[in-house]
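To start, I am sharing the structure in question, which I have written as structure tokens.
Chain nomenclature is as follows: A, B and C, assigned in order of appearance, with residue numbering initiated at 1 for each chain independently.
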Amino acid sequence: MSALFLVLGIPLLGALALALVGHRAYARDINVVFSLLSFLSACAMTAQVIQDGPQFVWDKQFYIDPLNVFLVTLTAFVSLNTAIFSRPYMRIEQDHGKMTPPRMRLYHSMYQLFSFTMLLGFTTNNLGIIWVAMEAATLTTVLLVSVYRTPASLEAAWKYFILCGVGIAQALFGTILVYMAADKALGSEHATLLWSSLSDIKGQLDPTIMSLAFVFLLIGYGTKIGLVPLHSWLPDAHAEGPTPVSAVLSGLLLNVAMYAVLRCKVLTDGALGTQMAGQLMMGFGLLSVVVAAFFISRQKDVKRMFSYSSIEHMGLITFAFGMGGPVANFAGLLHMTVHSLVKSAIFFTVGHATQKAGTQVMSEIRGLIKVNPAVGWGLMLGVMAILGMPPFGVFASEFLILTTAMREQPWATPFLFLALGVAFASMLIRVLPMVFGDTTLKPLAHPPALIPVFVHLALGLALGLYIPPYLDGWYVAASRMLGG
Amino acid sequence: MSALGVFSQLMALVLALLLAPLLTGWVNQWRHWLQNKSAPSLLQPYRTLHKLFNKDSLIAEHASPLYRFAPYVVFGCMLLASAIIPTISTDLPLSPAADAIALVGLFALARVFISLAAMDVGTAFGSMGARREMLVGFLAEPALLMVMFCASMITGSTSLTTIVETLAHRDLAIYPSLLLAGVAFTMVSLAENARVPVDNPDTHLELTMIHEALVLEYSARHLALMEWAASMKLFAYSCIGLALFFPWGVAEANAPLALLLALPVLVFKLAIGGMLLAMIETASAKMRIFRVPEFLGTAFLLAVIGLLVNVLLGGT
Amino acid sequence: MIKFVPQLINLFATLILLLSFAMISQRRIVSLIHLFMIQGAALVAASFLLAYVTHQPELYISGVLTLLLKVICIPWMLHRMIRKLNVRWDVETLLNIPTTMLIGIGLVIFAFSLALPISRLSDAVAGGALGIALACVMLSFMMMITRSKAVPQVIGFLSMENGLLFAATTVTNGMPMIVEFGIALDVLVGVLILGVFMFQIREKFDSLDIHHLETLKDE
């Protein structure tokens, strides 16, 4: 259980350290070191959980079970790789004049603090603290998104703050209602917001209160997931910040919000006995997939296009969890994992591509393969992966989701196919000219970081072909807990 | 229809007639004192009325009979209104004639006649005053009705005397909806009685007038009746406010001693009310005419919220 | 005396609702901050009353926290901000004020109807005030949408937090202490960040008009 304290303590310590020395040249390496240490502690914690099973830490305030343990490791892993990517990337940004030393200090310390809030959100047992962690994550990323101080980034950060703040306030109201239901069921002496205690008595929670609570919680945390129609902050925030921030926002923060919704869904399903929660999630998820796919066809900015792709995939994941059942839940968990890996890989390559071209407009980026074959191929493979080509992992999870949908919710399948098809075509049309063809781009001053890209893509590929037994066991245990 | 009932009814009418100018004088005095000016005597309104009744009336050549007739109608409305408002007693034989909703209708009737009379002579200021008066009235009436409904919902009746009796007999309780209704009512009475911040009764600038512009053309006894009716309107509104929100001290049926005590209690309450009115007037600035709809809209919505809060909190 | 307390709490609830409406219809920013301060004070009074009647010392702590944060600290920061930013004049709104009020009434009715079945289920002393708290949250939300300057948006956001805190206090006699501290910390940091932001927006755009922040669109 001490590994958890390391997992949480190291990023916090890192934030403090980088607040002091974040502007120096070696700060980038210190960032990587802290992320590496967090990742190692996460692995240690995972090993402990494999050995001892789900565990409580510190008087039941923290709870590690199959659902969050692999998410914690995934988060630590992707943060580590993003930190590795951010080393040369931010160095180039500083050379181009877009970052100054004080802002680097802010960037590095907020990066570590952001990791801390995400890990806190995953591991806490207290629904109220999940909320606090989500809000804190929003606050840290607001500062990260606006770190370039351009008018566009300020606008994106303001919109992000206000819209997510409003959304999260709805989630707070939902949390209050859950506490009220707990109060009613347990009496005020024993009323608690601890998820595990609530999960034990979920059959006794009042259905009226819980249904209203879930609606507010879905709307609130759904804003953070990027569900349509609450998504308008997402493309701006993901597109205007530095690329490492876009990678972690798309790859990791959306997962935390999804996780919060899942925890609440378990309680609601137990309290209500009906499928209301699942149906709501299916509705929002489907809407997000369709709307995002059509928006992709209108994009001219590469990062905005990929953020709409994030909305689409999160919509698909929400739809999967809404359907419920062992296969769909498994597929949803798998999709969360591979989406994080592949999307962050894409953002890494896109980051370097935009640095070469000096712009994010797609029509001005051409012929990446000629200038830097690794970046070009990375982007190509990443896009193939995210579009669901076999044998990448996204294909496997999308296949499972679609077949389950055809079996259980046949009305939704035409929409899903249509949306996925439109997204496929639009993205491919835009990416092919970016990668192939002639180019006017010049090479970068410093070698780009490409190991993270290919590590992620390799993992995405591996998960499509073969899921290791302990991962498989977690997915199955988690989907069983989710009620499948 | 006991003798005491008839007596209290007559007392209510006489008190309204006699005390209304005194209330206006009191408010005026306090306004002057608060503005650090020397005040006219408390009995000045009586002297003004006396002076006006002894003058010769001058009427425009092409004024219609409505013009001559209107002051009497307005005065009559105010008199009837005073008859059904429980100022010192709830034992009013005339009260079944009109309940709170009809009371609002009475004020509306007076307003219609005064506006028609103002437009009758055809002067520019008259029509302007009539338009503005109708604007204020159009927005103030729903607000006033909502306030009445608030009180009726709590007490279960729209008759003013029943409302007063029920509220006076309840245990001392704080009704949040009555708080909201009270604020709304204050705003409405400020508007209806032509007080700052809606209209300055002291103004001599015709372009800013609302109420004064309506009576600009009247003279002598007609003007006296209009002025008296205006004082009685203020008196009536104050008494409605006291009846809805501070109903204690009003005598019931068959209680002659209480009737005697009710008079000083009423005078005391009106004195405090007048002082507060003067303070509100001194502290506010007159608002521009196009802000008046916002002001009254706020009053209306406050009263509606008061109703809703009553439903929600179960009328605790 | 004890039987007065639920009524007093309802009275404070109504006062908070009244203040929310006053904030929607207010044009001057300085008055907005004062109204926000009074709303915080009413919230503190309600917490203390509830603590007195339910014998829960945690509510005293929560009340003191709210007092320090929402009545003293944040209004002071906001005053400093607007003095430095020099924004004092009238605020234009997206819709005119009577329309805003009418929509506000609609929201209040909606919030009340939503909360009525739930407050019937509550055993807490002031359970009926849940509808009022929800209405305050929605009114603040509307205030954030219909204002075109940055400072009223921030105040709307803070007022929304007030409404939520009030909901927590009335319906469940407060949240666990650690959650309350977390929320307070978040709010404080949020205001600080927003303050920093407003300076930068002012620097970049020479104005705090939100209309300048609408250029990012899908072309």
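Here, contacts are C-beta pairs under 8 Å (C-beta built on N, C-alpha and C of every residue); 3 or more make two chains touch, one makes a residue touch a chain.
In this text, all values refer to a predicted model and were calculated from it rather than measured experimentally.
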Smallest number of contact steps required from subunit A to reach subunit B: 2
Innermost chain, where centres are averages of C-alpha coordinates: C
Most distant chain from subunit C, judged by the mean position of its C-alpha atoms: B
Pair sharing more residue contacts (C-beta pairs) when B-C is set against A-C: A-C
Centre-to-centre distance between subunit B and subunit A (centres being mean Cα positions), rounded to whole Å: 65
Separation of mean Cα positions, subunit C and subunit B [Å, integer]: 37
Distance between the centres, which are taken as Cα means, of subunit C and subunit A, whole angstrom: 31
Subunit B - residues contacting subunit C, complex: 173-177, 179-180, 183, 293-294, 297-298, 301-302, 304-305, 308-309, 311-314, 316
Residues of subunit C that touch subunit A when the two form their complex: 114, 117-118, 121-124, 134, 137, 141, 144, 150, 153, 157, 160-161, 164, 167-168, 171-173, 175-176, 178-179, 182-183, 185-186, 189-190, 193-194, 197, 200-201, 204-205, 210, 212-216, 218-219
List of subunit A residues in touch with subunit C within their complex: 126, 128-129, 131-132, 135-136, 139, 142-143, 146, 149-152, 154-159, 161-162, 165-166, 169, 172-173, 176-177, 179-180, 183-184, 188, 191-193, 206, 208-209, 212, 235-236, 240, 295, 298-300, 304
Partner subunit B, residues of subunit C touching it in the complex: 4, 6-8, 10-11, 13-15, 17-18, 21, 25, 97-98, 101-102, 104-105, 108-109, 112, 115-116, 119, 128-129, 131-132
